[in-house]
Each structure stands twice: as C-alpha cells, then as structure tokens.
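Let me give you the structure first, and then I'll get to my questions.
By written order: A, B, C and D. Residues from 1 in each chain.
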Amino acid sequence: MKTDSFLTLARRFRAIFFDSYGVLKVAGGKVEGGPELIETLRNEGIEIRVLTNDSSRSQSNQATRFRELGYQSIRSSDIITSGMMAKLFLKEKITSGKVAYLGTEASARYVLDAGCEAVAVSEVTNPDEISGMVFLDDEGFDWNTDLNAVINLIRNRNIPTIVANTDYLYPTAGGKVALATGGIARLVESVLGRKFLHFGKPDTQMFNYAFEDINLTDSFAKRDVLMVGDTLGTDIIGGNKFGIQTCLVLSGNTSAKNYNQDIVRTGIGPDFVVESIGT
Amino acid sequence: MKTDSFLTLARRFRAIFFDSYGVLKVAGGKVEGGPELIETLRNEGIEIRVLTNDSSRSQSNQATRFRELGYQSIRSSDIITSGMMAKLFLKEKITSGKVAYLGTEASARYVLDAGCEAVAVSEVTNPDEISGMVFLDDEGFDWNTDLNAVINLIRNRNIPTIVANTDYLYPTAGGKVALATGGIARLVESVLGRKFLHFGKPDTQMFNYAFEDINLTDSFAKRDVLMVGDTLGTDIIGGNKFGIQTCLVLSGNTSAKNYNQDIVRTGIGPDFVVESIGT
Amino acid sequence: MKTDSFLTLARRFRAIFFDSYGVLKVAGGKVEGGPELIETLRNEGIEIRVLTNDSSRSQSNQATRFRELGYQSIRSSDIITSGMMAKLFLKEKITSGKVAYLGTEASARYVLDAGCEAVAVSEVTNPDEISGMVFLDDEGFDWNTDLNAVINLIRNRNIPTIVANTDYLYPTAGGKVALATGGIARLVESVLGRKFLHFGKPDTQMFNYAFEDINLTDSFAKRDVLMVGDTLGTDIIGGNKFGIQTCLVLSGNTSAKNYNQDIVRTGIGPDFVVESIGT
Amino acid sequence: MKTDSFLTLARRFRAIFFDSYGVLKVAGGKVEGGPELIETLRNEGIEIRVLTNDSSRSQSNQATRFRELGYQSIRSSDIITSGMMAKLFLKEKITSGKVAYLGTEASARYVLDAGCEAVAVSEVTNPDEISGMVFLDDEGFDWNTDLNAVINLIRNRNIPTIVANTDYLYPTAGGKVALATGGIARLVESVLGRKFLHFGKPDTQMFNYAFEDINLTDSFAKRDVLMVGDTLGTDIIGGNKFGIQTCLVLSGNTSAKNYNQDIVRTGIGPDFVVESIGT
C-alpha cells in the first residue's frame, strides 16, 4: 500500500482532489516540492481541486495565500471550501430574517454571499429576528460571553444551526494544536443534546460538488479521481464513502510512526500511502 | 407551519420525495388516501420518488408490494433505496475478494449487483479472502453467533464495513418496534470504538441521487422539491441539509402529541407539518 | 407520585440530602420558604446535608453565602462539594510535582488543601513538572488561550485529568444559562477522544461520603435517607443508583410543564415530586 | 513504571484487589504461577479480594471454579461481583412488583436474593406488573426476540433499568472475543437514547464495597491497597478514581505491544505495569 513516488501514483488518475493543511501547506509554509508537483500535474492535463474545511476565508483570499507560498497555478475557482457548502444551504433555506454568526467579519462573507443579512452573535438585540445560526471561525469573538450568547439564542428556539467547518483541532507552530470551529460547535451540541447541520469533509456533499465541477462534460468516472489527505476521519473516510480512490500523506495529522495502528484501530483504510506529495 | 391539506401544499412543488414507512405505508397497510394522492400528483405531472432506508429488498420487490397496497403507479425505478447507495460504493471500491454480509439471501442481491461475490458472515471460512463487510438486514441470521462472527472478522483487519440501512428501530404491529439494521451496526461500532460507512438518509447522498434522477434535463431547482417524512432525524434533517423544503407527517414515528416538543428539543425543524399525505 | 407538602414527605425520613442551586437557592436568591423548612427539620432532629457540584468555592465560603440568604443553620461541615471529592483524589494519587488548574485562584484552594502545589494553566512554563490537571471553575481564565493551553498540556502526556464539577450548564438571571465547568471539560474530552476522571453527582462517591458522614454510629439505613434535587441526570439518577429515595423539585432545571415527559424520555424516575421544598 | 516481579511489588501493600478474567484466569485456564502467588500473599497476611464484572454466576459458583483451577484459598466471600451491587440496588429500591431479566436462570439468583420476584423477559405477560429490568448475562435467551421484548417493555414506561455487568466484550478461545452483557445493554441505550444504571467497574461503588470489607477495624488507608487489572477502561481508571494504586498486567485485554500507546491515547495511566501476576 505504501508507495514511493506520489507523482507516479498521481499519473494514474485524471483528476486529483487535495486537502489543504497538512498536504499542500504545513505549519512552516508550503510542503517541500508541493508547487513543482502541482505545476507538473497541471502541465500534463490532470485536473486539480483543493477541498478544504476552512470557512474562515473566501476562495480568493485562500488563492492569494497559495500564490504567496509558490503555488502559482491554483486559482480561486479551484478551491472548494466547507463555507461554500454552508452558503448553498443558507441560500436555499433562509429566505427571511437575519443570520447570526460566530467568527470574524471576513468569515461572514459566506452569509452575505448567500443573500442573507449577517449579524455577529454578540450584536443580536432581538432574538426573534434571527432565522439561522452559523459557526464560521474560531476567531473574531469573545469565547466566554459569545458562546453563552449562542447557547441562549438557540436553546429554546427552532432555527437551523450550521457548522461550516467540522474540524475539531488544527495544527499551529511548534507541534501544537488549537481548537477549531467544529470543536467549538461540538461543545454546544454536547451541552444542549442536539445535532447541528455540519458541512465539509467527511460529508460526501463537498466531494460531489468537486466531482460535478470537473465533470461538466460527463467524461469522468469516479475511478478517474484520487483524493489526497492527511486525516483519516475526514479526507480518507469521506473519499472512500464517495467511492473514489484515496491516498494518505504523512506530512500532517497522521504520523509515519502511528499510521498503521491508526488505520487498524479506526477501520479507515486509504488505498495508498505516501510520505508527502513532494516525494 | 401546520397545514391542513397535503394536496394543496404538494401542488406548490414540481417534484416530491416520499419516505416509505410511516408516510406511504403504516403497520396495517397503506396510509388512508395515499394511493389516490399519488395518482392525483402523477396526473398533474408532478415527479414522485420514494427514498427508503430499506436495504433488505430490491427495488422491484418493493414496487410489487406497493402495487399490492394499491399504489398502482409507483414503478421500480421510482424507488431509491439505501441498499443502492451501498451497491454503488461496493462497485467502485471493492475490486477483488469476497464481501461478507449480515442479512437474508434476498438482501445479498445488492452485493451481487455490484459485481462482487457475496458470502453470509456465518459461512466465512477464510477471513483473508474477505474485502468488505455489509450490514443489509435484521433478518436471515442467528444474532448471537453471527454478531460475534462479524466482530471477530473485522476487529483486527482493515476492511471497509458498510451499513446499508441507518435506521435504529422500525415499527411493527400493535404500536411496538423492532431493532433495525442500523441499530445492530451501532452495537458493533460501540463495542469496537469505530465508525462504519453509513448509507441512507439523513446522508445527503441519497437526496442527491434522487435529485439528479429527476433533473436529467437540468430544469429543476432545489426549491421545486419537497421531502415528506415521518422522522425528524433522517427525513427532515436530511432534506433540510440538502437544501430542499421539508414536510413532517404525523402518521408514523412522530406523534401529533409530541411533535412540537420534539422539534424544539432536537432543533430539527420541518418547513411544514401535516397529519398525513391523505389529508 | 406528586406530593403536595414537602414537609410531610420529609418527616418520613431521618436524613435529607439537598442539592444547592434550584433547590435551596434560585437565580433571585433563596427558594421561598426554604430557610423556614430547614429550620423546622433541624429542630425535629432530622440530619441535613447539602451535596453540590460546585468546585469553585470552599465549604466555608458557601456557608457564608447560605447565611446571607437566611439559612442560619447550614454550617460549613454540612456542605459536601464535588471539589472535596477531587481533593481526596489528589491527596492519594499526586505525590510529587505540580497540579495545573483551570479556574479562579479561590478554586485552587482545593488543590492546595490536598497538599499539592497549584499552578494556573496559563502559567505553566515546564510541562514536565506537571503531574495532574484539574478543571475547577468556568471563571478566572481566558477561554481561548487557556483551553488551548490545556489541550496542548495533556494531549501527548499521561497525567490524570480531573473534572471537579460535572455540570454542563448553570442557570443565570432572566431564565438564561451559562456554560459550567463540566461542559468545558466535555469539549476537551470530545476533541481528544478521552474520558477524564469526573467527580460529583451523579457519581455515587459523593452520596457515599455524605452517608458515611451522617452514619458514624452505624444507626442509619439507606431507606432513612431522601435525596432532593432539581436535575434528573445528576441528583435523581445518582440518588437512585446509591439506593436511597429521591424527590424531584420543580423549582429549578426541570419544569412543571415538561417533567413527566422528561422522566419517560430519559427513563430516570424519582420516587417523589414536589413543586418546591417551600411547599 | 514497568516492574519485573509482581511479588516484589505486591509485598509493598497490605491488601490487593484482583480482576478475574485476564488476571487470575485466561482463556486456557489459570494464569501461569497464579495460584502459587495467591498462596504466598495469603501466607504473608496480605488481604485478597477479587472484583469481577461478572453477574452471570453467584459468588460460590465462581469460588468453585477458582478451586478447580488450583486457587485453593479463594473463598466465596473474597469474590465481589457486579451482580452483588445490582442486588443491593434492587433490595433498596424495588419494593413491589416483579423484576424482568435478561440472562440465564442461574443469573436470576441475584434478583431472588434481593427479595424480588424474577421473570425472564420472554415470559412477561403483563408489563404493568414489572417494576424493574435487569441485564444479567449474555446467555440464556433468544437475542432477536428477547432484545425486542426488552425494548418494547421499557420504552414507554418509567421503570429502573439496571446493567449488572458493564463489559462490552469478553475473550473466548483462540484470541477471539464475544459480546458481553454491557455491550448488549449499550445497544438498547443507543436506540432508545437513554442511560441505564450501570453497576460494576469502573464505578467506584464496587471498590468502596471491597475497601469497607477489608477495613472493618478501620486500620487500612487507601495507600495500603493495590488494584490489579488487565483493562484500562475498567480496572485501572476505576482504581485510580477510587484513589488506590493501580497495576496493569499484560496477560489479558491489553497487549505488551500496544500498552504504551493505549495509555497515551486514552490518558488512563496505571501506577505500575507487569507482564503477569505470575512473574
């Protein structure tokens, strides 16, 4: 299952979906050899999409950051975010009222783009005007007061509550981690005994969106696509469930030392394993 | 939110997705007025699909049963089962080896139709030959010996384990319930500390399949579609997440007496509520 | 099961264990008629203990607050806190090193009383010196930075992590609620996939401590004792499991409107129900 | 932390609590050197108790089996079972009506000894006569029909439901496992969304019972006692929480190969580790 060269593997496919953190980027910057790999695939006509559980920034914002790291050919439209999935939901289901959010003002862009009025949860004055609640980012609010504001806003009312990023933790500098939006939402679900609407991997919705995006002319089959990720519980299980081939990289959340045990313990098996996409 | 006439509501949409048990059928047989309602919608050109978490029987088998109950115009191809979602997965991801299953021989049809060799878990002689495990039905096996066989088959090996019906319980005669396939799978997940691949509502995959099926000519928008179901945690949350309108019926799992509290407690709110589709 | 007069019920017992918030106190102050009830019971020779999942303040601190509300006869030694259970653990099991804590400096008293050196989690400079981690209070720290500090402190090391208050939420003014220590600890358990050591109700340890405290001369049987609480999932299930009689009051977490459904839904049944201890 | 000789370690304590399966016994029979070790400790005046999550057989029945394996000095009264904890509960809390049970007729002994009338769940004719439900053993009933009988018995009624053995799995011959009573109860809890009353390790109640049993003359402190077990999630976390020293043996559920990772992953750390008590 362990494969030496990612490039050799990649050439067996017509389209490749990449996770962002831990695959294309790491805490220090780009993954070594990453930009060259993407360039090579592009030149050979292989389709590229980035599937990221990041609802804190817009597509163009993320594309700019990729360019700064040396990924010249990753365009805005190649990046599919969990925030976009949440936006599609809001657009269809919230037709009146305001949407309260937890996150930065930048992250509220997804609410505005859905055609809804956005209000930070700390600024809600009349709860009855609120038609939906969205967890967008782990920054931009006071955790203590604003988490309690969220709990009191939703606990006695029936409004859809959306989690636009399902990740529990994200890596920071020095081998440390920090609580991500999904972890914060999980806290609120636990204490209220509810289940919110989660968007992002491992849900197949995002894979389906990406697949339809490359397959406008109906020329792709699922077996033409490879999902590449560093996390068994999101990238790999999601890709497996969608029915595409999956490749685990060891440059992020899953370590070279423990990956075999992690696979047996969780029962989530990738089709391939490589050190990193730069190999 | 409570609406008197389902027919009046239904006429506002161009396509309607129905759950099966508790919506079209009840323990005693058909829902009163159900066949006439379906006939009327069909005659008015409204698209109909049945979305059922039933992986124990094939589409044609279920269509026959519908005809016996008086639903003359529900064809095999109108019925979308969670077993079909599992079949699509097996087809893409299991390319060699045999697939072990828990269920009746009839339910194993979904494995065979995926092009795989099926073997009842009680008949597995060489575990190394098994490339996947599927929970298909709550009948057709000895619970005590065969559940232990499943646990021992998968606990030390890395093979995909699929749950083709996510329901925990199903209604039986006299207001009673019985353990469904999803409940049995949940037991095995609990004791092994794993998460299997679940197919069926509330997952959006099945809604997406149904939507693509009616939308071959790209003339439908999500707002043209209504999901009708009796269960908040599968039909309603799934429809909501997929971005279509949802209608709760009180003829099945959710009672007229408790539905308001259930909605507040779970935070899962339908767009509409009716007594039954026969109203 | 519903009883009119708490006093009449109480006189059938020789000792009564009371929860604090929602039973003796409410958001506005004392429960109406509470101080008089306690005085009457005391005068009739009935033993009184307060069992509280509050690890933020010491026994004497809590006794002072009770006196301010009019409860003249509740002494320091009548109050049994979940913090005391955590203290007993630390005393037996942490024999060297420092104990990191999340909470106010006042709450750290429980660590110091166990004979351990206490250090706020934000002030930990050398993780290797830390032999234990305790969640004590929901105040006294910066949620964002300090929760991440806790996660990074314990995720790769094997030190006991203690939750000194298992409650998820506590009531605040105006019918609102706020996240309690147990809810915060639950967040960290969720994202790390661990189970910490929880002290406090519903665990029987605290009931056992209170029972031994009244029973120094071996003259009490469990049937002589009544537990009075407002929360099914802590007070009532804990008292039931310990084998004493239980009485639900409707002056706190459980409402007069929903208590019957809550009992059927959770399967947690008190032996008695009264409006409040003042009835 | 890893220690060579269990005997040397044991001599530092005045009382030792042993788990049964995986510690004193293994699938093939006794643990090598086990009977000699127990004999030596007894001769040196060290108190011995066996704490077992086995509610399928009585104390005397289990003592007989120990003697057959060569443990001559383990008496009936040295064996403390989770079934006894359940019995104490029934005795205090079920004062009228019958108790339904899942298990063998032999396991129903615990119900009868509590002074209650016992009726197999398959033989319940009038649900209104039933005042409690107990999960006692994984044998003695038809899984399919009787699990459904349990679900229908308790789902709409408020009667205490007791789990007398919390283990999910137990080892059988050839390195295999089988579903234990706690796993079966967990299934019913999952599908009904309830939490039952669990007796047995890791709950501290059983440790407390054993401690009081050796400490009739008040001469023991917790630091005089060592708990020895093969399972982190029951024996070790339970002993830790009760405040006594804990020793993990590698002769049962936890393997020599993975124990270090299991400790870091779960955060449950024993004070000592040995290969087996025979070392």
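The rule is short, and it goes like this: a contact is a pair of C-beta atoms (placed from the backbone, for glycine too) under 8 Å apart; a residue touches a chain by one contact, two chains touch by 3 or more.
Computed from a predicted model, the values in this text were never measured in an experiment.
Trainee: If we look at chain A and chain B, which chains touch each of them?
Mentor: C, D
Trainee: Looking only at C-beta pairs that count as contacts, which pair of chains has more of them, B-C or C-D?
Mentor: Most C-beta pairs in contact, of the two: C-D.
Trainee: Taking each chain's centre as the mean of its CA atoms, which one is farthest from the centre of chain C?
Mentor: B
Trainee: Go ahead and note the Å separation of the Cα centroids belonging to chain B and chain D.
Mentor: For chain B versus chain D, the centre distance works out to 39 Å.
Trainee: Just how far, in Å, is the C-alpha centre of chain C from the one of chain B?
Mentor: It comes to 44 Å between the two C-alpha centres.
Trainee: With centres defined as the mean C-alpha position, give me the chain C-chain D separation in Å.
Mentor: From the centre of chain C to the centre of chain D is 28 Å.
Trainee: If a residue has to touch 2 or more other chains to count, which residues of chain C qualify?
Mentor: none
Trainee: In the complex formed with chain B, which residues of chain C make contact?
Mentor: Within the complex, chain C touches chain B at residues 258, 261.
Trainee: Would you pull the chain D residues touching chain C in the complex into a rising list?
Mentor: My answer: residues 88-89, 91-93, 154, 156-161, 192-197, 203-205, 208, 222-223, 233, 237, 240-241, 243-244, 263-269.
Trainee: For the complex, which residues does chain C have touching chain A?
Mentor: Going through chain C, the ones touching chain A are 143-144, 147-148, 151-152, 155, 168-169, 176-179, 183-184, 186-187, 190-191.
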